[in-house]
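Right after this note come the structures.
The same chain A turns up in both complexes below, where it pairs with chain B and then with chain C.
Moving on to the complex of A and B:
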């Protein structure tokens, strides 16, 4: 397994930090991609941040009321080694499906 | 376990002997990481550098942990400038270092072609042997991971056409571990093409190479036909051999390993026995390495061949988007068709 840290993303409009309102997941939870992770508040609005990926939550950073700077760790996932690549997807090693059959008369001369 | 023994070389550089002592089950990514770790530990002149290879540990985790262990003066990030990465490698090699640069993806090697072809490939020749270029350029290569443009290309024919370069591609973790160590110890520049579709599958890595790493190897013995492949296509050809066996056809799979220089002796020995051959590669058909392999087989086995050598390859188009790559990269059915064409051939 590998650790993958998701930092607080830039929430737009030049804001440099956000305050944690409520965590919607806890360490040990298995989360899906796009599942809401946390509600944070900026000086503009309160937003729910969706998970960038599936994985098991290892650690969360920031208690409700605490502020986190953009780029600081927000949440750490435990992900399988084989999903730790950054570009592309891991090919599935499944049994090949065939449509072509071979036929031959092997006259050994 | 990895063990290190220390010695002092004549030049004062610390030379250690470091290698795995017992079989380990590793992914290719882990096998390459282990090999790089050992190369850095055993050769104090070895340097690993490229885009994101340091702090991040590489986009495929191949250099994971190496900067923390060996320091940021020996494992370091470079700007996004492949020409600079390879120019730096040439200069470091002139100064006596053993550079192990990485170009992050096959399609990113194009900006570095000038440094590779005009400098690295020929400095030893130009200097009458006084300026060897012991550079191992690692390039995650070929397709199969649904990546965007410039992330699925097969450049072996481009590099194999350049005198002075060696080109190699490992097919599995054992080959990757031993071939990378072999390449790093070579005085010649080696283009090391890592099949990125095979980074994650685990297999045993034995402590001893098991054969002569300088040539091709027989990955599966068979009597009726030889499939010639390299990189990720070796695993696919082994699948095809299993399917062909269901139909009573006994297929040999030859893992070419070295794409320059090509091991014509092992090719001739294999096809001399089976008398039929199909070459499989991901690169486009026209002027692909399959043509070179077919000619080498024809020249050595012309009198006994039962059919012209067939090629099953990618198509003569730019590498397609991920949605289409299962159609572009030779799949089991296309390879089976290629085999059938050879089996059906009748002399006119």
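Moving on to the complex of A and C:
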């Protein structure tokens, strides 16, 4: 198995960080794509981040009340070795709009 | 795009003008269920995208098999920002909402038919509009969920001339509520401040008077227990109860006016309360 890390995505409006309100999944959970993962709050609004992919949660970063910078690791998935190269590309199924989506850091090799 | 369509609904003029409001009808995957639609009304200086989509509400309601109608209020989100003050009056907005939900297929309530009627969820200013919409459309509205509600009217008490002075030359605003509301409106660069001030001006001419028209359908009142803008929630509850309305109240621990919106307990309570 390989690890696939998703950082806190760019939340728009020039925001550089967000505070974790509540995790909706825990390490060991099997999650579906688009299942809500975590609630975060910025200085402007509260946002629920959906899962970019299906898989098993390996680790989560940030306790409630902790601040995470855009680009810092947010959640790590456990994925089969042969899929790590392709799951980083989230299929686009709708026109671009103001929707925040996580995308993977493919720094594992 | 799972069955979502936007901008395709027939547009009708209301009182002779097209309000040019941005409406989306979100269809659940399992459309065969045939539940009545849910109308979502967002808060001041927000939008459907911020208030309902980014927070996970639209997805949660779709997941519960509900058809969802969202609309950006005038001067907000992707709706037009007309120059005339009348376009922003609460009575005008209620007329626009009635036309929008009718165009989206909402039909008057018929007993025993769970596809008839309309459920409404409002937040903050949207809760005020939902309260009035429920009170004035009893043959259409089935149930109400009012989030972050206020029995008073912070927008009617807004110090408009101080805000305009502040925008013109930076003169500090003395009134704390006015300063806070303007700061909230200015947080989002996409907001049209002058349209929002037109809305405030229109609301001053039609301030919220909760006791004047009370909804008689069951309602759920929800707020964070840290929400300073919703401390009068029990006042609304007692006004409704005194009028014979079935009222449920829910306080979400540790949440405020901004961050109660993503809360799962809030969403789950709303979905259960509105279940056919």
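To be clear about the criterion, the second predicted complex is superposed on the first by the 85 of 109 C-alpha atoms of A that agree within 3 Å, B and C clash if a C-alpha of one lies under 4 Å from a C-alpha of the other, contacts with A are read in each partner's own complex, and residues count from 1 in each chain.
Just so it is clear, a contact is a pair of C-beta atoms (placed from the backbone, for glycine too) under 8 Å apart; a residue touches a chain by one contact, two chains touch by 3 or more.
Keep in mind that what you see is a predicted model, and the values were worked out from it rather than measured.
Under the stated touch criterion, which partner chain does A:63 make contact with: chain B (first), chain C (second), both, or neither?
Neither: A:63 stays clear of chain B and chain C.
Touching A:34, do we find chain B (first), chain C (second), both, or neither?
A:34 sits against chain C, while chain B stays out of touch.
Once chain A of both complexes is superposed, is A:43 in touch with chain B (first), chain C (second), both, or neither?
A:43: touches chain C, not chain B.
Tell me which partner A:24 touches in the superposition: chain B (first), chain C (second), both or neither.
second
Considering only touches as defined above, state whether A:13 meets chain B (first), chain C (second), both or neither.
Touch status of A:13: second partner only.
Just which bits of chain A does chain B share with chain C as contact spots?
93, 97-100
Per the contact definition, I'd like the list of chain A residues that touch chain C in the complex.
13, 21-22, 24, 34, 36, 39, 41, 43-48, 50, 93-95, 97-100
Of all residues in chain C, which touch chain A in the complex?
Listed in rising order, the residues are 1, 4, 46, 49-50, 53-56, 59-60, 187-189, 258-264.
Which of the residues in chain B come into contact with chain A in the complex?
On the chain B side, the touching residues are 27, 59-61, 105, 144-148, 151, 196-197, 199-201, 224, 236, 239-240, 243-244, 247-249, 322, 331-333, 336-337, 339-340, 343-344.
Residues of chain A touching chain B in their complex?
It comes out as residues 2, 81-82, 84-91, 93, 96-104, 106.
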